[in-house]
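My questions will all concern the structure given below.
Chain lettering (A, B, C and D) follows the sequence in which the chains are written, and residue indices restart at 1 in each chain.
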Amino acid sequence: MNKKIRAAIIGANGYAGAEVVRLLYSHPSAEPAVVTSRAHAGKPVSDVICGMPDKMIFKDADAPEIRECDVAFVALPQTVGASLVGELIDRGVKVIDLSADYRFDDVSLYERTYGVTHPRPDLSKHAVYGLCEHNRKAIASAKLVANPGCYVTSALLPLLPLAKKGLISDVIIDAKSGTSGAGRKSDEAYSFCTVDESFRAYGVFSHRHAPEISEKLGCGVLFTPHLLPIKRGILSTIYFKVKDRDAALSALKTHYDGENFVKYSDALPQISQAAYTNNCVFSARFDGEYGIIVSVIDNLLKGAAGQAVQNMNIMFGLDEAAGLPRVAPV
Amino acid sequence: MNKKIRAAIIGANGYAGAEVVRLLYSHPSAEPAVVTSRAHAGKPVSDVICGMPDKMIFKDADAPEIRECDVAFVALPQTVGASLVGELIDRGVKVIDLSADYRFDDVSLYERTYGVTHPRPDLSKHAVYGLCEHNRKAIASAKLVANPGCYVTSALLPLLPLAKKGLISDVIIDAKSGTSGAGRKSDEAYSFCTVDESFRAYGVFSHRHAPEISEKLGCGVLFTPHLLPIKRGILSTIYFKVKDRDAALSALKTHYDGENFVKYSDALPQISQAAYTNNCVFSARFDGEYGIIVSVIDNLLKGAAGQAVQNMNIMFGLDEAAGLPRVAPV
Amino acid sequence: MNKKIRAAIIGANGYAGAEVVRLLYSHPSAEPAVVTSRAHAGKPVSDVICGMPDKMIFKDADAPEIRECDVAFVALPQTVGASLVGELIDRGVKVIDLSADYRFDDVSLYERTYGVTHPRPDLSKHAVYGLCEHNRKAIASAKLVANPGCYVTSALLPLLPLAKKGLISDVIIDAKSGTSGAGRKSDEAYSFCTVDESFRAYGVFSHRHAPEISEKLGCGVLFTPHLLPIKRGILSTIYFKVKDRDAALSALKTHYDGENFVKYSDALPQISQAAYTNNCVFSARFDGEYGIIVSVIDNLLKGAAGQAVQNMNIMFGLDEAAGLPRVAPV
Amino acid sequence: MNKKIRAAIIGANGYAGAEVVRLLYSHPSAEPAVVTSRAHAGKPVSDVICGMPDKMIFKDADAPEIRECDVAFVALPQTVGASLVGELIDRGVKVIDLSADYRFDDVSLYERTYGVTHPRPDLSKHAVYGLCEHNRKAIASAKLVANPGCYVTSALLPLLPLAKKGLISDVIIDAKSGTSGAGRKSDEAYSFCTVDESFRAYGVFSHRHAPEISEKLGCGVLFTPHLLPIKRGILSTIYFKVKDRDAALSALKTHYDGENFVKYSDALPQISQAAYTNNCVFSARFDGEYGIIVSVIDNLLKGAAGQAVQNMNIMFGLDEAAGLPRVAPV
C-alpha cells in the first residue's frame, strides 16, 4: 500500500476545518497529519472533534510540521492565513484555502467586499477557483485552490450551465442556510433560544457571497440569505427569466451526467437529501417566461470541507469521490 | 357585567379551530360555548386542547346548540362547511369562515384553484374578505366574513399599501411556513424524522394561495411556499421592482400608524417576534430599482385564529384587540 | 374600574423577568409600570420584549419610580437584589423575589449551596416560600415572597402530598429542562449548534435545586438535571419506594381537586401540555414497591414568572388565576 | 483485491435497514448486493435512501438472489423474518437479525414480552447475542447473530463490567431516545408538530427492552424510556447502589481499554458526541452509596445498523472497525 498523503488542517477549531479533519480521518489515501488551533494548541483534538484518537494533539498554526505536509487546508478568517498560504506554496506544499482570500479574479472587488486590504494580492492570479465540476483541469495542476463559498456553490452549480449558454436573466437567489454556516459562536444571536423555532433574513442587498456569485456567473444577481433553525444544509430557491425553456431544462438535466455528486432530480429536493453528503441536488420548474430552481447542498461538505477534499483528490490524481459520503443518513 | 358572546367553533380538532377555542377561553367578552369535532364528538375537549375544562365535551358538527350561538367560527375543509354557513346565516348566526370557500370575488377562480364545485356560490357575493386592517367597515356590518389565508395575510399586509398606489411590479413572494400550516397530520411527509433538520419548497407555480394573493392585490405574483422545521410562524421575503422608492418607504412606514397589530420595523424581523402573537411585523430594503420586504406573522394567529377573533371583535363592536396577544413570549 | 396594581419588574432582560412583563401587560388588574434592565436602560422595552409599546423605556435598577409601585418582581442574580429587597419592603412595596436568596429556611444551607454570603440574612425569616398551592395563607399576608425554583416546583407539587403523609422514600428525580432554564446566554455551550439535536446531563450530585427540594420535602433526594433541545418546559421523572400504594394514588388524585393549575392526569403527560401555560400536570404508575411519577410544567411560567404572578394575585386578593394562561397552544 | 462480501438487506425501508445499506455502500470489503422492501419492490432504492445509485432497485423479500449472498441483515418486524432466518442459515447464508426474535435465551420470556408465538424457537439456542465487545469469540463463529436492542446496548455496555463483578444493585435506567427509534411512521403521535418542542415518557414499567436488559445483566432493573425531539441518539442516565466505589470506577475506566468504539470519558458525554458514529461514550459519578452513569450512543448505529455491521466484520474476520464511523460530525 502506498504512503498516505499527509495533510495539515490549519484552523481546525472552526466547523469547516473540523469537518476536513473528520473526512480525512476515514479517507483511504490521506490522513490528517497536523491539526492546528491557536485556541486549543497543546490539547487533544478529541476535545473539539469527538472520536478522534486521544493521542492526537492540536498544534499551533506556525508549527514547523505543517511545512512537511503534502497539502494544507487553510481554514482561517479572511486575510489571517493569506501570507501563510504564500509561504507554504513556496515550500512546495499544495494549498486549499477555505477562506475568501483567493476566490476573486478581481482583487479590488474582494477588498471592497470584505473591507480589508489583501496581504498577498500577487498570489491571487495563481489561485484556481475550486468549483470542482467546472474547473477540473486547472485544479489538477494547481498549487493553490480557492475553495468556493457555501451559498455560492449552491447557486453556481445549477446556474452555470444556463448562464454559459446565455439562457437566463433577472436572477434572484433566495437562500436559506443551517446555523453552522455562521461558524462556532458564543453570541446570543446564535444561541439556541434565539434561533430555535425562529427564522430570519440577513445581509439583504449586502451579503459577501453576492459579488462572488456575480463574478463567477458573469452577471448581477439579487441574493438574500436566511438563517434556518437546523444545524446543516442550504436550500436555494432561484428565480429567473428564461429565454429558451427546452434548452434550459435540457442543460440542467444533462450537464452533470456522469458526475458523482451533482444531480438533477425530477422531484423537488429537500435539505435532508444532501445533509451529511457531498451531493448537490437540484430541480427546476418553468411557467411562462419564468423559471425556478431549487438546489440543496450540505453547507459544511459540498459547501466547504467536502468540496475541499474533492479538490485535494483532484490535485493528487486520486479517485475524485474518495473519502466523500454520497448516501444520506436517515 | 354583560353577557358574553356565545361562540361555536366548528371543526375544533384542526389546529386553527383549536386556537380559536384557546383564544376565546380567555377572551374578556366572548366564550367558546359549543365546540365541535366529528372525530371526537362525545369526548372531553381537553383530550385535544390541553387545559380546557374537563367537563366541556366535543359536540358533533350538526349539534342544534350551534344555531343558538351569536357567532360561529367554521374551520372545516374546503366545501365541507359551505352549506352549514348558509344555514347559520339564515338563522341569524354571524359566521367567520376559516376555509377558502368565500374568500374569492370570482367563484370560478375559487373552483379552478381548489378543483371543486362551490356548493353555495350564491353566498359568495355577501361574504366580506376579513383582512381586518383593510376592510374594517364592511366587516363591522357583515354576516359572513371569509378569513384570509395565512400566506396571503403575510404578503398582503405589506404589499397592499404599495399596490394601491401603483408603486410596484414584478412581485415575487418567497414564503416559509412552520409545519402547523399543513394541519394536523398522520403522514410520513410531516413526521418528525422527515421534517426536523430539513427544509423544502413545495407547490412551485401551483400553490392555492397564489390566486388569492393575485385577486386581492390586483396583479399577478410569483409565489413559492416552503416548509420550515418549526411549529408556528411565516416569514415572507418579497422581491419587487419599485417605481418611487421614497413614496414606497413612506407608505410602508405610515400606512399602519396607530394599528394594534401591524407594524413597520427598521430592523429586519424574525419569526419569533410574531409567534404566539396576533402581530404582523415587516421591514423593507431598497437598492436601485429593487425593493425587498421581509414580513412575519404567526400562521395560526394573525394567519388564522387570531385574525378570526379580531374579525369577531370588529363584527360585535368590541375593542378590536380584546383577547388577542401582542407581546411575544421568550 | 379600579386602578390597576402598579408593578415594577427589576431585571427584565432575563427570560423570567421578561415573561413577568408579558403576563402583566395583558393582566386585567395589574400593569408593568416600571421595567428595569441595567444593560438596556434608556432603550425601548420592545427591543427585548417584542410587541411591548414602543414608548415604554427600560429604567435602571435604582430608578426612584420603583419605590412608588405596589409590588416589585425582583429577577436578579443571587445576592444582587438582596439589599434592594429590604429597601423596598421598608418602603411598603411588596416583593416577589425570583432569585434563590430568600427560598431557604436555613440561610447557611443557602450560603453553602450558592457559595455566597447572604447580604441580608435577617430578612430570610420574614420571607414566605411561594409555592402557591401549599402556602396560600402565608402568601396572602406576606411582604416578601420567595418564588420557588423551576425544577423544584415540578418535583414538589406531586411529591409533597406523598411526603406529608410519609408514604415515600428513596426519591430519585431525573429532570429534563428546556434551554431557556439556563437564561439568556452568549456561550458556545448554549449555542444552537451545540444544543440542537443533542441532550446532556449536568450538575450530577451537585445541582443547586437539590438542597431546595430536600429542605422543602423534608428528606434527601437524588436529583439529576438534563438539558433538552427545546425552548421551554420541564419534565421530571420521579422514582421512589412507596409504602401504601392505594393511599399514595389517592393522595395524588385528590390533593389538588379544585385547583386551577395543578392536575392529576390518567395519561402520562408531555411537555407540550404545559408549555405556555401556568399548569402542572402529573401522572403516576406503580409496580411492586416502586412508584414513578411523571410531572410537567413550563419552566418560565409555573416554574418562574407564572407562579410569581399567581403569588401576586394571592397577595393582592385577586382571582388567583387572573392573567395566567391555562390552555396550551398547538 | 479480493471479492467483496455480498450482503442482502431485508427490510431496507425501515430506518435501521436503510442505515445498514448506507454503511455497506462505503464499506471497503462488503457491498449491499440485494436490498429488499415489500412496499417499494421494483422502485429505485434511491427513492428511499438518497444518494444510492439510481440503477439499484428494491427487490421483494423472497427474491432468490438473497440466497446467493454471503450474509443477510434481516430488519423485519418481530416474528415476520423468523422463518426466513432459518431458511437462509440452511442455505449457508450467515444472518444478522436486527429484530428481537433471537435475542432472548429464554424463548418464553421473549413470547411473553412481545405477546407473540415464536415461529422458530428451535433456532434460538443457536443464536449468538451480538453485543460485540462482550461476545466476540462466539460471534466470530456464529451462523446467526441476534443484534441487541438500542436502549439495551446503551445500558449494558457500561453496566456489564460492574454487574459481572457483583458491584451494583437497585438499578434504575432513565433512558431518552431520538425519534428515529420509533421507526418510520405515519402517525400523528410522531408528527413534527406533536414531537417538536415537547418530550414525554412512555412504556413506564412495561417497555420491551426491560426484560432484555434484565436477562443479559442477570438482575432486575427499572427502565423508563422517553422520546426526545431529535432525530438520532440515546442518552441513558443510570442510577444504582454501589458496593465498592473504587473497584467500580476502575472497572468502568479500564474494561474497554483498547476498544475502537466504547470509551470512558471523564467529562459527562452528550448525544452529539455519539450521533452519526458507532461509539458508546459513558462517564460515572459517585456520592455515598450511590452511583450515576451517563451513557450515549447513536440508536441507529451502535444501537442497530452500526453494531450489525460490526458483527458482520467479526463474523468474516475483517477489521472490526471497517466501514464504521468513529469521528462525530459538527
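Observations on the model:
The definition used in the following text is that a residue touches a chain if its C-beta (ideal position, glycine included) is under 8 Å from a C-beta of that chain, and two chains touch if they have at least 3 such contacts.
Not measured: the values here are computed from a predicted model.
Two chain pairs, C-D and A-D, are compared here, and C-D has more C-beta pairs in contact (counted per touch definition above). Relative to chain A, the most remote chain by averaged C-alpha coordinates is C. Centroids built from CA atoms put chain C at 46 Å from chain A. Here the spacing of chain A and chain D, counted between their Cα centres, is 35 Å.
Averaged C-alpha coordinates give centres for chain C and chain D that are 40 Å from one another.
Multi-chain contact residues of chain C, defined as those touching 2 or more other chains: 15, 180, 193-194, 196-197, 229-232, 272, 330. On the chain C side of its complex with chain A, the touching residues are 15, 179-180, 184-188, 190-197, 229-231. Residue ranges on chain D touching chain A, taken from their complex, read 15, 18-19, 21-22, 25-26, 28, 49-52, 180, 197, 231-232, 272-274, 276-277, 279, 281, 300, 325-330. Across the complex, chain C meets chain D through its residues 172, 174, 176, 193-194, 196-202, 204-205, 222, 224, 226, 228-233, 235, 237, 239, 268-272, 275, 285, 287, 290, 292, 294, 330.
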